[in-house]
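Presented sequentially are two complexes of chain A, the first with chain B as partner and the second with chain C.
== the complex of A and B ==
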């Protein structure tokens, strides 16, 4: 064992270090250190408008005993949960169609169209929704032609959900398509041959077989919406404030970074818990291992 | 399979794609509308909003900053991504799991939280309010994308190829330059394009750490807090074209490999 270790150590030389070190150094300094500072800062104090290192629980006490904090937490959590469910339900027929029925050319084009928005300005797309959904916007003008409306579609939860779905749907569909494509056609064919009608096959064979991917997709939708600032602010109207809005308000206007970091750390803890719960649901269900 | 159900499913699929593409289409269409409020009825074709933003010094400055940032980020992030992907491909070592986790995880942390963390840490080391701060932050979230793209390409390279070159007497640096790098080239170009696109669009980290050095998306964020104006449609369309073009280039580069 020691022999092998020393041998290995001799092989870690300039060449290996040159390729191995950059990622470690960069992410250590610019990713890990900021996160550590973020956690530490939640215990610091602000004295005479200056941030002073300390170890007090005042910020935690102050935030966790405020009603608006818990109202915001509940609202954010519910919205993110709703979006995870909605996005999964809306995406499933699409992913099912792309995975099993569409021709390969169509499927490739669809995936292409889904990847493109993922990397193109989300901010700009939300702005675009804002004018489409506003009182004088395109949709309400059209409703007006039918003698309906105008409907208030922004500055409320509906607007926020439209924004969240814009953010999540492409990714959820992509993950679901991959999850469903991995389900063997033979399995589904077998269910058909045994006389199961299509809907029953989908519910009892396809969905359980693709469970891991489906749960993962919903989890990503939850994580993305839970941390998003733009949709609840510009489409949701900012009231009640979500966790992300609390962070920005405490940082930008309140200028109280330690309190902002309390909210941020609470968000991280929540997301990690949700992620582990989801992984457990996906992989760890006892007695159901495949 | 029942035809009616398949038909209904196709209609649903099209509807969902319309939902996904509507904001982009509407954005571009109304950037050419002459009216002051981007809505129906159509006010006539016009380029006034594009002229207005091109004359706006704050927008031009922000555009220039964004281009500089995304160029630097794409080179740095692609280098770091390549280095990490190659390390994963070539070496086994104790602590490889945490090493890879550190290299891959940044995009899973909400940018809002990263932004706040970077703001506080960067203010300690006097980096806040500079474009270097924005670059440092963007490389963090971009490098993992580059790593993933390049690692996929390396997965298709036989692990015996490099040892063969070594046995023939090439040094490891020479092997890297004449065997490994050329093999990875399509994915390197794809990574350059994708990371440039991600950086060009990123506003949260930039908003937190850039101070007065506004990048273009941060400028848009500031404009969003004011009144609705077709000028934002025009800037948004420009931003969309730049990042869309980069993503399409990246996809074509990765696809050509899949086709051959």
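== the complex of A and C ==
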């Protein structure tokens, strides 16, 4: 009896296979294969500026023992974490308003406006920040009128974070709006009814009820900022270098693709770890006790 | 009896639509009042205004002598049991029950635990205390929702169609349990439902709403026996409504002939009136017997529901008449659809409505 049911379960579903195959193929050819090449390449060597297949740990040893690598790693990780936190905090009041207070028309318009930034090139948006934030830029001129500044808002971590937020914030708001919209109105009514004022309700009911979406939004912000090259280069000034800048540096200085691969593989491993941690935080706490 | 909650000309408008016309009613301490009517009649809106979840557009709501019309919901002591249960899915059963106690900061953690334990025990869900609510059945969720509200020891418990998501068997069991709970606790229940059987089974008094207007308020028996108008009579069911012209002394001229209805509103001659014929007062025969209130009819269908049989007849003017009989009463009759029959009822059973 049990044999039969287990056999039945193992039967191949042709329909799912047919429709699922293209995406598996795509993932295989354009994600898995390059990833394998990337990992393999991190063990290759460069001779006379030529990439030569080999199996040495020299690249790993070289990168992982350098202070600038770990400084860059720490800096990138901290920035991405800060952006995930900042984006979540800045987005929440907006998303809360759009999900619970705004009229449907306003909400639709807001969602539309939040999508439009993705129409324009990210690079263009970052360049426009340069005009606003640079030492002779719009903001500093205005601060000058007040007898303040000029403030260094570019070529430092502040500039990089502004750039990262430009990239992530619309997406984080959109995900949060959908996460909060899915929270049942009755739950919020029940919290009020049982004596919880609005702020307490938000903290003890709305946020826990929307937890999965909120964590997902923050994770997106982390992943996007951790790997971004444009913001740290054009607004962050490139010092200290982030991981993405390190990758480019290695390929430019001495065509060292294997060392760049080491950085890239480290990034992939970090993102996979962060993603799993986030998914565990979002879904995997059954029957948690207080 | 003392009035614990007073609605004084309370009304609710959403833009141009009126959800509730100015309505006044008092809730007596310790009673079980059912607020009923079809969907969209304003019953849930009324409950939500009492809970403070919806702002009244006019009028005042008083709890004892205190005006609570503008009090936010979290400052009122009126826990509600929701149709959807509205349990917090990220909390365990016990945490759900303790939620209100935590907010009101009335009790220490130890007290909270003790109180929630008592109520879980009382409602027979102690075994489920550490489960998440999504692992519970509908009936179990219902109990958690009840425990969550009752643990606050409220004077008034609000119930918004709490049984409508349950299957018929469970609904009946919960009905008797709610009724018993009400008796044991001695607190006031305000119960919103669209089901007249639920309301009549449990409530001391019923208030019937239609289109935002209070139609009738009174003890369940009274509303059943003496409905105020045609809407209430139809909503309550159990009677056939006939219409005709009053000819004085209870006589009414109808397309079926001159009939007599002695109970209810005394109509002036010439007035158009509607009157009820209770379905359990009608007798059937195959031949005319010459009884005073006798009409010719045609059998449409019969419905066997266990202890009695409901027979549907068509009268001369096309009215469908409902007759409730014991199985033994039917043995003498041959009941094939289309059979011509005669229906008659005592003159004092006919109840004239005040409004047509």
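Keep in mind that, in the parts below, the second predicted complex is superposed on the first by the 251 of 290 C-alpha atoms of A that agree within 3 Å, B and C clash if a C-alpha of one lies under 4 Å from a C-alpha of the other, contacts with A are read in each partner's own complex, and residues count from 1 in each chain.
Throughout what follows, a contact is a pair of C-beta atoms (placed from the backbone, for glycine too) under 8 Å apart; a residue touches a chain by one contact, two chains touch by 3 or more.
Note that the coordinates shown come from a computational prediction; the quantities given were computed from them, not determined experimentally.
Q: Using the superposition described at the top, determine whether chain B or chain C touches more residues of chain A.
A: Counted on chain A, the partner with more touching residues turns out to be B.
Q: By the touch definition at the top of the document, which applies to A:184: first (chain B), second (chain C), both, or neither?
A: Only chain C is touched by A:184; chain B is not.
Q: Touch check for A:193: first (chain B), second (chain C), both, or neither?
A: second
Q: Thinking of the overlay built on chain A, is A:251 touched by chain B (first), by chain C (second), by both, or by neither?
A: After superposition on chain A, A:251 lies in contact with chain B alone.
Q: So in the superposed three-chain picture, is A:284 touching just chain B, just chain C, both, or none of them (first/second/both/neither)?
A: Touch partners of A:284: none, neither chain B nor chain C.
Q: Quick check for you: in the superposed arrangement, does A:74 touch first (chain B), second (chain C), both or neither?
A: neither
Q: With touch defined as at the start, can you tell me which chain A residues reach chain B in the complex?
A: Those in contact with chain B are residues 8, 12, 15-16, 18-24, 26-28, 30-35, 37-38, 41, 51, 90-91, 93-94, 96-98, 101-102, 110, 112-117, 119-132, 134, 136-138, 141-142, 165-166, 169-170, 173, 198, 223, 226-229, 234, 244, 247-248, 251, 257, 260-261, 264, 267-268, 271.
Q: If we count contacts the way the header does, which residues on chain A are in touch with chain C in the complex?
A: Residues of chain A touching chain C: 184, 186-187, 189-197, 200, 204-205, 208-209, 211, 286-287, 289-290.
Q: Could you pull out which chain B residues touch chain A in their complex?
A: 1-2, 5-6, 9-10, 12-13, 16-17, 19-24, 26-27, 30, 37-41, 79-81, 83-84, 86-87, 90-91, 93, 99, 102-103, 106, 108-114, 116-122, 124, 136-137, 139-140, 143, 147, 172-173, 194, 197-198, 201, 203-204, 208, 217, 220-221, 224, 228, 232-233, 236, 239-240, 243-244, 246-248, 251
Q: Name, in rising order, each residue of chain C that touches chain A in their complex.
A: 51-53, 72-75, 78-80, 82, 84, 86-92, 95, 99-100, 103-104, 130-132, 148-149, 152
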